[in-house]
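This is the structure I want to talk about, given as C-alpha cells.
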Amino acid sequence: MNSFGRIFRVSVFGESHGPCVGVTIDGCPAGMPLTAEDLLPDLARRKPGAKGTTPRKEADLPVFSSGLFNDHTTGSPLTILFENNNTRSADYEKQRAIPRPGHADFVAAHKYGGFEDYRGGGHFSARVTTGIVAAGAIAKKLLRGPADEAVTVEAVLTEVGGEADPEKGLQKAIDAKDSVGGILECRVKGLPIGLGEPFFDSAESLLAHAVFAIPAVRGIEFGTGFAAARMFGSEHNDAIEDASGKTRTNHAGGIVGGITNGNELVFRIAVKPTSSTPKLQHTWNRETDRIEDFSVKGRHDLCVALRAPVILEAVTAIVLADLLLIEQQRPRIWDDA
Amino acid sequence: MNSFGRIFRVSVFGESHGPCVGVTIDGCPAGMPLTAEDLLPDLARRKPGAKGTTPRKEADLPVFSSGLFNDHTTGSPLTILFENNNTRSADYEKQRAIPRPGHADFVAAHKYGGFEDYRGGGHFSARVTTGIVAAGAIAKKLLRGPADEAVTVEAVLTEVGGEADPEKGLQKAIDAKDSVGGILECRVKGLPIGLGEPFFDSAESLLAHAVFAIPAVRGIEFGTGFAAARMFGSEHNDAIEDASGKTRTNHAGGIVGGITNGNELVFRIAVKPTSSTPKLQHTWNRETDRIEDFSVKGRHDLCVALRAPVILEAVTAIVLADLLLIEQQRPRIWDDA
Amino acid sequence: MNSFGRIFRVSVFGESHGPCVGVTIDGCPAGMPLTAEDLLPDLARRKPGAKGTTPRKEADLPVFSSGLFNDHTTGSPLTILFENNNTRSADYEKQRAIPRPGHADFVAAHKYGGFEDYRGGGHFSARVTTGIVAAGAIAKKLLRGPADEAVTVEAVLTEVGGEADPEKGLQKAIDAKDSVGGILECRVKGLPIGLGEPFFDSAESLLAHAVFAIPAVRGIEFGTGFAAARMFGSEHNDAIEDASGKTRTNHAGGIVGGITNGNELVFRIAVKPTSSTPKLQHTWNRETDRIEDFSVKGRHDLCVALRAPVILEAVTAIVLADLLLIEQQRPRIWDDA
Amino acid sequence: MNSFGRIFRVSVFGESHGPCVGVTIDGCPAGMPLTAEDLLPDLARRKPGAKGTTPRKEADLPVFSSGLFNDHTTGSPLTILFENNNTRSADYEKQRAIPRPGHADFVAAHKYGGFEDYRGGGHFSARVTTGIVAAGAIAKKLLRGPADEAVTVEAVLTEVGGEADPEKGLQKAIDAKDSVGGILECRVKGLPIGLGEPFFDSAESLLAHAVFAIPAVRGIEFGTGFAAARMFGSEHNDAIEDASGKTRTNHAGGIVGGITNGNELVFRIAVKPTSSTPKLQHTWNRETDRIEDFSVKGRHDLCVALRAPVILEAVTAIVLADLLLIEQQRPRIWDDA
C-alpha cells in the first residue's frame, strides 16, 4: 500500500491540498548525522520554478517530527512533514463532474466511493513525491556511508518531447501549446556485488516496483533493455574480465540473475506527457452523461519529466539502501566453500 | 525473497538439479474445484519440445502435497511439487571454475559463499518457473470465476530475434549458430475498475515486480510505453466515453493513477537472448585467473522467449488475483458520497 | 517494527520529549464519518489526572494531517499528530549515566549506540500509546459499523496491587511510597465466527503480539487461561448448543483453533508495577562503574495499569478490525460443500 | 497466515491425513552444515510413543526437497517434507456431523464453507508442528553458531494435570479416564543484548505470536509474569550490576522495553487439557440439530503438553534466529555517541 521496503521502510501520506504531505522512515540505522541541510538540495531540484513547470510555489521546508535527536538519527521512526500553503482548491471544485483524461479522477471516485480528496489530485498528486525525495536524500546519505564516498546515484533527462536537448523539447511543447513527456537514465556507481534477493525480490523487481510508484512512468528497461531483444546472445553477453567481476561491456546494466554484479547500474524510464495539457479536450461529464469539451484548470507542469530526475534517484536509493541492509545482515559465519 | 503477494501469496522453492521444484500458494479461497487437469495445458506450454528449445525432458506432473481435498481447494496452503528426473549434473561440475557470461554463476558464488547449488543454474534456473506456471493456472481459474468467463489473460510473442514472425527469428538463430531474444505482449480482458493500491502498490508496480522475477526479462512498458515519451499530452490522453469508463483510445494500457480503469490491460516485455549461446565466448577463469575461451555445456533453449508467454501470463494472473482479493475486501459499508 | 496489521495497518512514531507523537493508519476503508470528537473520549481515558497518575499534562488534541476530507475517511493514509508541550527534559539529562532499573535505558543505549532519544524514555515512553489509542478509537468505530451496534470492546481493571478494588490497591502504593501493578480483563461482544488465520496468524497470536507491544505487560491468558492447565478435558471443553455456535460454558474465551467461535472474546493481561517507583533503589552507574543509590527523577504514574484499559481496548480493536477486513475479503464464490 | 518471520522466514503446509506435512524456510544463511541427523533428535522428542501419547506412529523422516547441497544450506529456500503413512481417516468420516467440543471443527466448517480437510483435524492438527520442529532444529543450530556454543534453548514441563511431577499428573488422567493439561517453562541462555524491535516487534510480542500458533496454548507469561501484578515496583525491578547488563534478580525474564537485556530469557506457557478426552460428552449434532451424547473417535494424546516442550523450543528458536539476523544487519557505521 503506502509503505515500501523490508528493513529500510518508507511510508508516505498526505494530499495535494490537505494540511501537509509527509514521510515516515522506519529502520534507518541510528547514529547517522542528519539535518534539514542534507535534504534541501534534493528538495530544491524537485521544486518547480524553471520554465515549463507549475507556478505553484511551496517552501518545502522539512519539519522533523520524530526520530532525530542532537542532529543524528536515533533508530526510531523518522517522520518528516512538509506543509501545504499555496493551495487553490476552488479550481478543482468546479470541475468535479468531469473526470480529467489521463488523471486518476475516474478510477479514484470508483474505488473510494467518491470520498477521495479530489482537490489537485489528492493523494495521487505528484506533491506526495516530496516525502519520497526526502527519504531518498536520507537513503543516498546511507549509501554514501560515513566517508561520503561509497555509492552515488545520478539520474538525468536523456530526452524531452522526443528531443535529446531538453530545452528544444520543451520549446516544442510551448510552441504547440501542449504537454510533452521524456526519458530519464539513472546510473549508480560503487554498488557492491550481491544486492538483490531471488526469486521475487530481484534488484530489477524492486527497482521497477518503486519506479512505477512515481506518477506518469510508463516503462523501464535495464542495460540494453528492449534493444537486447534484437541482439544475438554472443553480442549481448558481458564477458567477465577479472576477479572483481568487472565486465568488458555492460549490456546487463549491472544486474545478472537479479543480483548486482559490481558494474555500474544503468536503467532508463519513460515518462508520459503531462495529462494536464493546455489543449482543449473532450471527455465524459458525470452530471450530464455526455461527451463535452473540457479544458484543464489548476496549475501544472508542461513536462513532468523535467522534475523527475531527483524523484527517480530517490526511489532508486531507497531500494538500494534496503537491499544493502538486507545483504549486510546475511551472516557468513561458516567458512566459504 | 521467494514469496510474493499479500492475500493470494505464492512461494517458490527448488533447484534445477535437486529432487524437485515446487510452489506453495497461501490464501487461495476455499471451495475452488481443482485437479491436475487444470494445470496440464499451461504446464505443457512451458515444456520444451518445439524447435529451438532445450532437449531436457521432464514429465512436469503436478503432485499436490497439501491444500486439496475431494478435488477442491480447502483454504489451507496448496503445495505442488514437480520432480526433477532428467538431470545431467556432470555437465556443470566440469565448468565450475568458469562463471558463464550472462548467467548468475559469478554473483551467486559471491553472494552465497560458494555454497549455492550451481548445477544447471540451481535456484536461478528457469526450471523454477514450473511452480509459477502452476500457480498462474490456479490464479487464472480464480480470475475466471465460477462461470468461467470473468477475466482472461493472454500473452503472445510479437517479435523473435528482431522478426515479427517467430519462425523467421528462430531460423536466424539457427543459421547464425547463436541465441536470440524476443518481445512479448500480454493482454487482460474483463478486469474490474479499481485494482491497484496507491502509492507503492500501483497495478504497474506489482506487475513489473513480478515480471522482473522471470529470468531474462530486461524491460517492461505499459500501453504506449516508451513511445508515450514522444507524444503530446493531447494525443496520449484517453478520452472517457461513458459511465463504464470505456476510453476512445487505450494509450494508458488499462491503468491510470496506478489503478485499473476497466479497459483492456496491455503491456509488453523484452526478453534478452539466451545467455547460453552455442557460440564460442571468452571469460575469466576463477582457477587460472585468466581470460579463456569458453563454450557452453548443458542443454539450453536457443530462445527462452519462446517458452515465456505462459510464464508471463502466470505472473500476471498471480498479481491480478491478489489485487482482486484485496479490492473485494474493501468494505463499502457507508453510502457513497 | 513500528507497523502492525495486514490490511488495516497502524504505524506509530514519536518520542516522549520530541515535537510530537503520532500514528498513521493505512488501509482504513473510505467513507467512514470521522472527526476529533470520535477520538476525544478514549484520549481522555488515557490522559493522566486521577490520583496515582503522572502530573504531566498534555492537551492530546488530535491533529489530522492526512486522509480526512469533509469529515470522512478518504481511503488514503490517515496521519494523526499529538503535540508534546509539557516536557521537562532537564530531569533526564542529569541521570543519563544511570540506566534506570526496569526501564529500557540500558538496552536502548546498547542497541542504538547511545544515539537514542533518552529523554523521558524517548520512543519507549508510554506517551507513544497516544497514537495507539487514536487508532483504536477508529478501529472500534469500524467494528461498530454504520449502525453503531455490531462489535463492542471493553477492558476493565480487575486487580490493582493485588486488590480487587482498585482504590484499595492504589492506597497500598501510596501508603508504601512504592508503585504497584495490576490485572485487566478485556471482553469483546458481537464478533462474527471466523476471525483468525491459521497457522501463524491465529486470533490469539495477533492479539498477544499487539498486547505485548504495550509497555509493562508481562502476561496474557485467554478464557480460563493458566487455570485450564489444571482442569480435566471433560471440564474444560465447551459444549456447542446450537447452529449459532453458542457454547454452554466459555472456557475457551471465544477462540477455538485460533479462530473466533461467535462467543464472547475474553482475555486477561498482567501489568507490572511502574518501574519508576518513588522508593530508593540501587543500580550500576555507567560513569563510575559502581553500584550506587538512585532515586527516580521525572513525573510518573504510581500504577500504569490505571491508564491501561483504554490502551488494551485499542490494540484489541486494531487486531480485530484487521482480521475482520481480511475475513470479509475471502470470497465464497463457489457454493458451500 | 502460514508464514512467520522477516528474514528467517518459516512457512508450514500440510494436513493430518493428506499426503504429507512440510515446512519451507526462506532466508536461512548459506553454508550451514545440515543433514537429517541434525533434525532427528528433536523430531524424536515430538513423536508419540510414551505413556499418555497417541498410538499413531509415523516415521517422521525428513525429506529435503530443496535448499540443501553437499550437506550444506545453499541460501535458497529449504523445503522439508514428512510423509503421512499411518492415517485412519474412516474414524473421522463417521463423526462429520458432530463438531467436537474444543476442536476447530465448527469454526473451520464455517470459515471454509465445508471444504476444509476435516480428517484428523486437517491443517489444524498438531501434526503440522512436525515441520515447526524441523525448522526449530535448524534455528537452534543457527543460534548455536559454528562453535556450537552460543545460544541454547531448553523447555521443560513444570506441571501436568496440576502436579509438579508429570508422571503423577498423567496418572491422574489415566485414573479419571480423562485428559489433562500442563505448564511448560522455556529458558534461553547466551542471548546477546539488543534483540527485539520496538514498538510492535518487541521480543515478547514475537515470542507470544509464535507460541499461540501452537495448538492448545492458553496463556504465556514472561519472568515473574502474572505474579508481577502483585509486587511493589521496588521488589520487581532488577538492579543492574555491571557493564554487561547482568541483573541481581531476573523478574523481567531477560526482556526490558521489548529488548533482550543479556540475562537468561525465561517464560512459561499454559497448555489446556487435550480436547479429545475419553469421557462421554454432549454436543450439538449438525444433522439432527439436537444436543447428543458423543464420544471421541480417532487416536489421541491424553496430555498434549507431554510432547510440547520440543515444539515450544522450536518456535522460540525460530523467533530468536530471526531477531538475531535482523539485529546483526543493523550497521553501526558511525561511531557510538
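By written order: A, B, C and D. Residues from 1 in each chain.
Following the convention adopted for this analysis, a residue touches a chain if its C-beta (ideal position, glycine included) is under 8 Å from a C-beta of that chain, and two chains touch if they have at least 3 such contacts.
Because the structure is a prediction, the values reported are computed rather than measured.
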| item | value |
| --- | --- |
| Touching chain C and also chain D, the following chains | A, B |
| Longest centre-to-centre distance from chain C, chain (CA-based) | B |
| Rounded Å distance between chain B and chain C, as computed from the means of their C-alpha atoms | 43 |
| Rounded Å distance between chain B and chain D, as computed from the means of their C-alpha atoms | 36 |
| Distance from chain B to chain A - Cα centre to Cα centre, in angstrom | 25 |
| Residues within chain A bordering two or more other chains | 1-3, 12, 30-31, 70, 72, 75-76, 111, 113, 115, 123, 198, 330, 332, 334-337 |
| Residue ranges of chain C in contact with chain B within the complex | 6-7, 29-33, 70, 72, 75-76, 145-146, 198, 325-326, 328-337 |
| Complex contacts: residues of chain C adjacent to chain A | 1-3, 9, 11-15, 18-22, 24, 26-27, 30-31, 63-70, 72-79, 81, 111-113, 115-117, 122-123 |
| Chain A to chain B touching residues, read off their complex | 1-4, 12, 99, 101-104, 106-108, 110-111, 113-115, 123-124, 128, 159, 161-162, 173, 176, 178-183, 193-194, 197-202, 204-206, 208-213, 215, 217-226, 228-243, 245, 247, 252-253, 256-261, 270-277, 279, 281-284, 286, 289, 291, 305, 327, 330, 332, 334-337 |
